[in-house]
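Each structure below is given as structure tokens.
Both complexes shown next keep chain A, but they swap its partner, so chain B is in the first and chain C is in the second.
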Partner chain A sequence: MTSYTVSLICAVGINVILAVSLNLITGLCGQISLGHAAFFGCGAYAAALVMVATSSMPLALMAGMLAASALGIAVGFASLRVRKGFLAVTTIGVNFLFVGIVRKQEWLGGEMGVSGIPPTGLGHLGDMTLIVVIALATVLFSLYVTRSWMGFAFKAVGEDEQAATTVGIGPAGYKLAAFGLGTALAGVAGALYTFFTQFISVDSFDFTLSVMLLAMVVIGGIGSTWGAVAAAAGLTLLPEAIRFVNDYRLLVFGTVLILVIRLAPGGIAELARGAFARGRTS
Partner chain B sequence: MNAQLVLEDVAVQFGGVKAVRGISTAIGVGEFVGLIGPNGAGKTTLIKIVTGLVRPDRGRIFLEGQDVTGLGTPDRVRRGLALSHQIVRPFREMTALENVALAAGMALTANPWRALFHIRRREQYERAALILAKVGLAGTERKLAGNLPLGQLKRLELARALAVEPRIVFLDEPLAGLNHAEAAKQAETISEINASGVTVVLVEHNLEEVMRICRRLIVLNDGAILVDAEPGEAIANPAVQDAYVGGGAMSHAEA
Partner chain C sequence: MYYVELALTGVTFGCMYAMMSVGLTLVYGLLRILHVAHAAVFALGAYLTVLIANSAGSVAVGFLAAIALTPLFGMAIYRVLYEPLLKYHRDVPMIASLGLLVLMQDGFRILFGEQGVTFRDSSLSFTTYQVLGLTVTAPQIAVVAAAAATFVGLHLFTTRTRIGVGWRATVSRPQIAASFGVDPIKVRYLNFAIGSGLAAVAGGLVALMNNLVDPATVTVVTYKAIAIIVLGGLGSVRGTLVASLVLGVVEAYGTVFAGAWLDRDAIAFLVLIVLLLIRPEGFTGARPA
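Up next is the complex of A and B:
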């Protein structure tokens, strides 16, 4: 396997984890987040610091997960106070604050980022396998949550919080759970990214990435795990396959996003279901 | 009388408007109470205070002897109280069966952690199907709630309230928007619920049905209790006749 293929598979795996974890918050529980890159970055920085200090991959993975979910739960508390539209604005703010603050921290490498992160010792193929295994586990976990009573309650909270209260569901606890789980997974993705690149800088976690991740969730079909997987893989590989897309990445994604919202609001998931239904009847 | 719900000097005002001004009352186990009064009398506000959707400015609420004034709606629902909204609020993107099953599975959704470790829904679906049949919604199980007509949504709202297995239910205009036959049938269902031992508090403009099924009337006017009596006596009270402008509604009820 060429190192180019390995790096592509790693990028797809990490984006799948990010899109599926954002789908948990936005798709399943209805809480719009436009700051997912901040949690990704939080996990990456925490893992990088622990890697530099201890060279322990499992410790770094744990640190990434815990740091991101701690920040996620804090932002989740904000979501209890603000109405839906404002949550989008709040999370954008979180993303800008994260980038702005990290950029000025000397102990985090400032503009230069963190370099010289020790390797995991698994080799490139080993790192790739780790990423693929964790991405698969994330997908399975998301499918499980969707089918569980937690997913059932998420759906209720996402649709109508007041109606949810009348069937005994406290929206606050579920929103915090969604943010806690979704951002923990983003933190794991951050740690994996750190292992793979061995160098991180704050520009990799800016608002543009958050928008792209939300675009993946919407294009995949809000709430659909497989849709998020398909969109994450497609939107990661497309710029590699077509040079034009790479040059005008945001333009192309924006266009696809608008087309999906206009023509197929249910995204890839809806199109797939439609094709499946037609296949069965014909 | 074994008091199930006690209100002590409950009051709330919105801006400068005193919506509910110092209401005290007690409702016993198994009672069937009609809460009536002209528009703006404070009926819906009072229901919202009792169910925890509105915080009172003063006063206390006791449910089965426990002070629930500081509790939110989910905690009150978990202590045996249920409500159906005046304006129906189904989960539109769920089927009718899912709407009711979610309520029937209340024990599993007490907290997210517990909910995460439960998958099977069969038992709740079976119970939900029975409840749907009971309110006359058999056959709608697989339909999206968002596609049901208002008459059926009113019954779905009732089914969801029943699915939490309440000991006391608050129904805010469950008959509004229904035609004569539908209203009579829905009123019959509500009577049966009461007959099974559940305390019912009914806010309703359809006085004909209220007079027919309730056994106690609390008449509100201008945020306070005007009369609290057995239905015939309450309606005959001159103060009640005065409260309803022209008394047109009254004569219709007596007919």
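Up next is the complex of A and C:
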């Protein structure tokens, strides 16, 4: 396998984890988050610091997860206070604050980022396998949650908080749970990213990424795990696939985004459902 | 004197923020769409102003042409992009809007280059006046005057004219307004036309102020305008004005006092988050209907 293929697989794996975890918060529980990159970044920085200090991969992974979910639960508390439209913007704000503060911190490397992160010792193929395994585990976990009582409660809260309360589902706890779980997974993705690149800089975690991740959830079909997986893979590989139009890449990307949304507003999940239904009736 | 000048800079920026955010507020108030592509509309206005001013040899012609053309584009966005998507989840039109923003931003870069465009006759950008010992530039005066005219005009329009009142009625209670004979579709077009026209003015003024329009102009606008409309209490024009001015001034002082540990662009969001936690309904407490 060429190192190019390995890096593509790693990028897809990491984005799958991010999209699926955002889908837990935004798709299932209905708490729109436009700051997912901040949690990803928080995990990456925590993992990088631990890695530099101890060179221990499991510790770094834990640190990434805990740091991101701590920040996530804090933002979750904000989601209890502010309403939907405001929440979207609060999370944008979290993303900008994260980037704005980290950029000015000397001990976090400032503009230059953290470099010289020791390797995990698994080698590139080993790192890739780790990423793929964790991505698969994330997908399975998400599918499990969707089918569980918690997933049902998430959906209830996402659709109608008052109705959820009437049937005995307290929205506050479930919102916090969704934020905690989703951001913990984003932190894991951040740690994996650190292991894989061995260099992080704050620009990799900016608002553009958050938006891209939300685009994955929406294009996949809001709430659908498999849709998020397909869209994450598609949107990660698309810029690579259209490298022949190198200078016009963003132009093409924007056009594709508009066309996909315009032609299939329900996302990949709805397209698949439609095709399946047609297949059965004919 | 230094602090007075800072305040002046702050107010100028605030006026500019206000003009570019109003379109976003209007669209959010009416349709509940986060109209991210508004930043691209703003950039279009800026490019049109500069390019037409250069080819016509008059800055005034540039402004007028941009004000006439940009609203058409705004209305086209509504017709082509948003109208068919309104019945879906509200994040769906936002993602489409985002696609348009990415597309246009790159389009501008490809068409007009990374370096951007400048006024051929840039004398106006650098004209300065001495007022009470303060140095004021011509674009600063233009920005403040334009903002004042805009907001007074908008106020008169929405309180004194039939169309304006119908517009406000539609924003707060669409069904009831429709039953009183206000055509909601016309209101939407009007909404996009006015918002885009103001964005064009703001774009032209920013171009005049920096004597430059480049692809990066767009990025800053997108995020800051979003913070502003939330600070202002989504959908409230008056709130947007207040929030813009406050933000402009806070930023001007903030960069001086907190620049060491916080980015200028993050200040807006710090203010925003703190404020949202204290007042979850935004600055003015205006509840969007």
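Here is the rule we use: the second predicted complex is superposed on the first by the 262 of 282 C-alpha atoms of A that agree within 3 Å, B and C clash if a C-alpha of one lies under 4 Å from a C-alpha of the other, contacts with A are read in each partner's own complex, and residues count from 1 in each chain.
In the analysis below, contacts are C-beta pairs under 8 Å (C-beta built on N, C-alpha and C of every residue); 3 or more make two chains touch, one makes a residue touch a chain.
Note that the structure is a prediction, hence the values are computed from the model and not measured.
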Considering only the touch criterion stated at the top, classify A:Ala241 as touching first (chain B), second (chain C), both, or neither.
-> neither
Does the superposition put A:Ser148 against chain B (first), chain C (second), both, or neither?
-> first
Considering only the touch criterion stated at the top, classify A:Ile92 as touching first (chain B), second (chain C), both, or neither.
-> second
Residue contacts on chain A - larger count, chain B or chain C = C
Who does A:Tyr174 touch here: chain B (first), chain C (second), both, or neither?
-> first
Of the partners chain B and chain C, which touch A:Ile258 in the superposed model: first, second, both, neither?
-> second
Which of chain B and chain C A:Ala156 touches, first, second, both or neither | first
Overlap of the chain B and chain C interfaces on chain A comprises residues none
Counting only contacts in the complex, chain B reaches chain A at residues 51-53, 72-75, 77-78, 82-85, 89-94, 98, 102-103, 105-106, 108-119, 121, 160-161, 163-164
Can you check the complex and tell me which residues of chain C touch chain A?
-> 28, 32, 34, 81, 84-85, 88-89, 91-92, 95-96, 98-107, 110, 223, 226-227, 230, 234, 260-263, 265-270, 272-273, 276-277, 280, 282, 288
In the complex of these two chains, what residues of chain A are touching chain B?
-> 144-145, 147-150, 152-153, 155-156, 159-160, 162-163, 165-170, 173-174, 176-177
Touching chain C in the complex: which residues of chain A?
-> 26, 32, 78, 81-83, 85-86, 88-90, 92-94, 96-97, 99-101, 103-105, 207, 211, 214-215, 218-219, 222, 247-251, 253-258, 261-262, 265-266
